[in-house]
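A, B, C and D are the chain letters, set down in written order, and residue numbers restart from 1 in every chain.
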Amino acid sequence: MSAIKIRLKENDLQQLKDVCKSFNNEEGELINVLHKAQGIFGYLPAEVQEVVARQLKISVAKVYGVVTFYSFFTMVPRGRYPISVCTGTACYVRGAEKVLDEFKRLIKVPVGETTPDGKFSIAGLRCVGACGLAPVVLIGDKTYGRVAPDGVRKILKEYDDK
Amino acid sequence: MKKVKSLDDLKRMKEGLQANIALREKSEHPEAMTQIKVAMATCGIASGAKEVMDFFITNLAKRNIDAIVTQTGCMGYCYAEPTVEVRLPGQDPVVYGDVDVKKADEIIEKHIKEGELVDGIIPVNYETIDKKYSGGI
Amino acid sequence: MHILVCGGTGCHASSSNLLLENLREQVAGKDLAGEVQVIATGCFGFCEKGPIIKIIPDNTFYTQVQPADATEIIEEHVIKGRQVGRLLYKDPVNKEVISDSRKMGFYKKQIRVALRNCGFIDPENIDEYIAADGYSALGKVLTSMTPEQATKEIIDSGLRGRGGGGFSTGIKWDIARKVQADQKYVVCNADEGDPGAFMDRSILEGDPHSVIEAMIINGYCIGADWGLVYIRAEYPLAIERLKTALGQAREYGLLGEDILGTGFNFDIEIRYGAGAFVCGEETALIQSMEGHRGEPTFKPPFPAQSGYLGKPTNVNNVETFANIPVIFNKGAEWFASIGTEKSKGTKVFALAGKINNVGLIEVPMGTTLREVIFEIGGGIKDGKKFKAVQTGGPSGGCLTEKHLDTPIDFDNLLASGSMMGSGGMIVMDEDDCMVSVARFYLDFTVEESCGKCTPCRVGNKRLYELLDVISKGNGTHKDLDKLRNLGEVIKDTSLCGLGQTSPNPVLSTMDNFWDEYLAHVEDHRCPAGQCKDLIRYEVVAENCVGCTACARNCPVNCISGERKEVHFIDQSICIKCGVCFMKCKFNAISVS
Amino acid sequence: MGKLKVKIDNKLVEVEQGTTILEAARKVDVDIPTLCYMNLGDMDIEHKPGGCRICVVEVEGRRNLAPSCATDCYDGMNVKTHSIRVMNARRTVLELMISDHPFECLTCAKSGNCDLQSTAIKLGIREINYPGEKSTYKPDFSPAIIREMDKCIMCRRCEKMCNEVQTVGVLSGINRGFEAVVAPAFERDLDHSECTYCGQCVAVCPTAALTEVDHTNQVLRALADPSKTVVVQTAPAVRAALGEEFGMEPGTLVTGKMVAALRQLEFDYVFDTDFAADLTIMEEGAEILSRLSRHLSGDTSVKLPILTSCCPGWVSFFEHHFPDLLDVPSTARSPQQMFGSIAKTYFAEKIKTDRKDMVVVSIMPCVAKKYECTREEFSVDGNPDVDYSISTRELANLIKRANIDFNKLPDEEFDAPMGESTGAGVIFGATGGVIEAAVRSAYELYTKETLEKVDFEQLRGMEGIREATVDFNGFPLKIGIANGLGNARKLLDEVRSGKSEFHAIEIMACPGGCIGGGGQPLHHGNSAILKERQKAIYREDANKPLRKSHENPSIIKLYEEYLGEPLGEKAHHLLHTKYFRRGRTICIEPDVKEAE
């Protein structure tokens, strides 16, 4: 019952505890804590949630319930170049769906998943507010505006050597 | 560190800061204000337009006159640089040639304040800057 | 001279920050610092043409300015006084060049109240806000009005909540004011979840202090000393600006203890959303702020009675708050003079979709859709035909030609089967299939439903499935009846505003585009040519010149044919992406 | 404030401020169907998330339909519960719910006892107009509880019990929208969670999403195997509730009929867990006195208070949540396990049977007992002391399956020797009973005087936390009682922080004690039923000739013939246990270095 793998390093653990402490280990700060934790680890693996639950004195099930409720939180590591295709209405009517399809087709993973080499992950995103540039695609921090399906290949090419 | 400790503090502070954005507020309704355009092309700058423009900006503010000072390109009166166009609210614009600091002072005191025209008006081939330069400013 | 550079997210995304740097470098390099100020402002609203800069005092409006254009702007416009013609705005209809923003159709009909400082002041500089009358409303309220009087001013102004429901803001404050409690809270809802609406973010990016000022006033009115801003984590720029503004307000003593020497204390903290549309609903928002799953709770009790941590809480959204200071500065009467009988003031809309001038606009209530779409919005893109405009996001409905002259206000939109919502306005043209649009919104609702109540959790899923069947051409008349009954029941029985409005996109498109639904069901045909399963792309032999453009661009290589020969599309491979259709210059690809 | 006049289906009713439409309707016999709503009034457990939307009604002047469970009445309110609009909406909502539910009623464990099914019958559902994708989840089989979340209707009652009432925190709503469901963290199996198997989730589940593991078939097989001697024990709370499954009034005592039924089922020996309860008092009572006297004499190594340990849900709870307090509870095994241990040693020897040929079956009001008997420390060479534990509900099922007309059975007596018990053993079934039984014996042992009045009314009741002081001839013995794990946690927190002033604390995992156990006939949220069961338990106690455990002749004989002294070596070996630190499923802190 006890021997379950652990992936957290000691300093990670300390860092995580410090985050919780910076919010006074308050239960109500759970979402803020999770934001910070995801900022550190890039995602929220079970171990991280366990620690947060323990520090905030709430049940792990509750933490998991919160993590799975909010789309911003993820339990899978994202790719080095996370692709987000805006699927807000403005982008949708300007063809975002086809752009998303093309990305999926080219990197060969469905929405919400990461390529086996960990390079790309793909997700839909609700409105970044750059509707003037619709359809909009974000790769990491870089914004691509007015993306057409046939332009997707070119965008991905930029990441060929990376 | 400034602290706003009372409403009076706030009001004083606002008065002090208002000038920073006054230009933007005025530009929302430029026709209601005196507009001064200084030709700032190479020829203008060479003959001291920048100095004249600075003079207008600082002195209009000092003398509490609501006016907008902008720069414009060469008006084509290269023989009379620096040239300055003055347009009082609701009136036709007037262009002065060979404006120096002294003349500028006179323009402010007489033309702008009193509405009296000052010597040095360039009357010939009258064209507004707006017409001359497509798009206008 | 002031050079205002738009620093809103849209322009930011197109490197306006680089442009800003370049301009500043140029100004410094050319020793113009004395005469020229380069200021990063909030959004100008005209996002279609971003990045945008505006030069004051001559109001020259440059569009789609690239970082590399900085040199030319400084050398030509600033130094030589010559406008850079190629960067000026051209009217999409008559191709006329307009340099003065005030003369542009996009701005002509607008009255900017909530957006008054966006694109006008530097949001990161409290001094500019103060210079623009900032915090004077707070001063006035704290020193010369009782909470009751101040609340009455808001009631008298007729301001209604801009977040969707349109409840009277003043009355809401009054309820919270009258509840006795040792602790109360003010909450600013900045969890703008409507896909296609971005006004709240723009306000926080362009004028954060107005929201802060309004929250303090709200605190004074209801007797709260603590405020929280619940903001989407996906809005990094807005968060940064808000943090900066909070810091400055605290430094100036406008937040904290003994504000303006009146003994009133108030401070504000930021809470982050984490991507849940339902958290725009105030009870869900409160759950989320308390660290729970954002599931709405039954009202009553209303947040004004028992909200954050069980204490009376007033929740308003960003745009609502942004209106507050102006009301005190200019008076309730002034505010009430704008708008229609029951909807006062202005409303900000995020105009997007198949329209020429995409952007953020603010118009008086009562402006017609026609004015918004054709005058401000500059009409439909690429000369296509207007088909519908969707307002209110996933909670709203589609309005058509016949609604174009309806004055926009809360009640008229509701009566037309849509709603104001937060102000998303998506314009659609003849190429948009209304079944697909309804399906798109339902897809959104299904994904965003919290799952707490049955009608929303299961019902919306079933609505989506029915729409999916219809869009694939497999629907029946019975399915249409089911859609309607199910939609009505979901509206009638759902727990919160999300479910109570989620069928609107379906019901309103059924009302207004019944023929289109019938075409899918009876003829298995998608009139707009958008439903993938009902269309095929084919080569029109007589038009095909064999240029190979389609074949070269086809992502799945399903088009074959030699150069200068008629091409052929293999339907078994075609994914109906439409690239061939877009690439063909000879009308040789048909959609059927 | 005055009364409110409300009209419901044209019937006038006057109600207090704060009355919901549902409550008002029930006053005038208007039976609005509900699914997620749950009200265990006396235990102060109310659950009205307003989620299922089955109870919607039409309120005049209101835009949309109102959930009657969560909407308060106001004066002049006019409510219609069966207008065409309401009927259509209610029906549609139910159809939606069923459209995401397996159609396997005939083979379902809850068939006939399912709230969803009975609502469907009530609303006359004959077809599902809105079929579509169904949620599918991997079934989860733990030692005691089965989760089949395909059958979940998201009433969230289990979540309420697990978190707010029991504070165990294993279950939570996860995901959202159509994917939303109730599950343990990371959707792991219960077996890998901190579940105590208290079974309160099972007890309130309206469908078969949560059911107990069914051992009736194994029991039937054992009964049919001629090589096996099958011994059955029945827990005290069973006799106070079993009758309900056969249409009897709540609170009907069916001890004699139950014994008769078990005989008809051909159990070889029909014994009573009450016997083992008396035995528990011998050991636990001795332990209390020993710790108390050592403590009072200044031995600081002895900790007080001492906590009872007969409830396996509770044992599991402190092992998971208070692993630092493992030395606080009594080491005495639970009656079920004492029984098994004695049956497979003392009694097996008596009837000259090898323990391998003996099958011990327990009838328990409990789900956690199923788990308890699988614990390794309660087996010898892989042979468990108790082979199968079945619930009151399963027993009823077994009786029905065997074509036994329970109501017409004669009253019969338990077999000797392990069927003999005192009133003290019986009251184990109600909250406060264990400690009262202990006090009866401990008083006499401590004061060396005869206890005249054995009824300690101050220890009885239904409140979640109770405290009382019993005068031990001048020594005030301070006693705490908690039922429900949430209440237990409060007392435990005090113990942990050293603030507890009690000498002894009784804890039962289930609200009301065993009578409200997770394996009892479903009370469907009616707490009046629990009260009747409680009365029955005390009635049985009062009717017993002997009411102090140490007076039980069979117990006295057991010590004389076999065990020796309470807390003696043999007793220690057979009747006591140790506890394990269970902590969280993923241990991070203690062995970070080893792992990396």
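Please note the rule applied: contacts are C-beta pairs under 8 Å (C-beta built on N, C-alpha and C of every residue); 3 or more make two chains touch, one makes a residue touch a chain.
All values derive from a computational prediction rather than experimental measurement.
If subunit D is ignored, touching still links all the remaining chains into one piece. Taking each chain's centre as the mean of its CA atoms, D is the chain most distant from subunit B.
Taking the mean of all protein C-alpha atoms as the reference point, the chain centroid lying nearest to it belongs to A.
The distance from the centre of subunit B to the centre of subunit C, each centre being the mean of the chain's C-alpha atoms, comes to 40 Å.
Separating the centre of subunit A from that of subunit D, both taken as means of CA atoms, is a distance of 43 Å.
In this assembly, the C-alpha centroid of subunit A lies 54 Å from the C-alpha centroid of subunit B. In this assembly, the C-alpha centroid of subunit B lies 89 Å from the C-alpha centroid of subunit D.
Shared interface positions of subunit B, defined as residues touching 2 or more other chains, are absent. Across the assembly, subunit D contributes 173, 175-176 as residues in contact with two or more other chains. In subunit A, 65, 69 are the positions where the chain touches two or more neighbouring chains simultaneously. If touching chains are joined by edges, the resulting network of the protein chains shown has some other shape, matching none of path, cycle, star or complete graph. Working note: touching chain pairs come out as A-C, A-D, B-C, C-D. Of all the residues in subunit C, the ones that touch subunit A in their complex are 9-10, 13-14, 46-50, 193-198, 201-202, 233-235, 271-277, 288-294, 309, 350, 352-354, 358-359, 390, 393, 424, 426, 428, 432, 437, 440-441, 444, 447, 450, 553, 555-556, 575, 577-579, 582-583. Residues 1-2, 4, 34-35, 56-60, 78-83, 85, 88, 97, 99-100, 102, 120-121, 127-128, 130-133, 135-136, 139-140, 142-143, 251-254, 260-261 of subunit C are the ones that touch subunit B when the two sit in their complex. Contact residues of subunit D toward subunit C in the complex are 48-54, 56, 64-65, 67, 70-72, 85, 88-89, 92-93, 96-97, 99-100, 129-130, 132-133, 153-154, 173, 175-180. The touching residues of subunit D, when paired with subunit A in their complex, are 163, 168-176, 183-186, 192-194, 582-589, 591-593, 595-596. Those residues of subunit A whose C-beta lies close enough to touch subunit C in the complex are 26-32, 34-35, 65-66, 69-73, 87-90, 92-94, 98, 101-102, 105-106, 125-134, 136, 143, 145, 148-150, 153.
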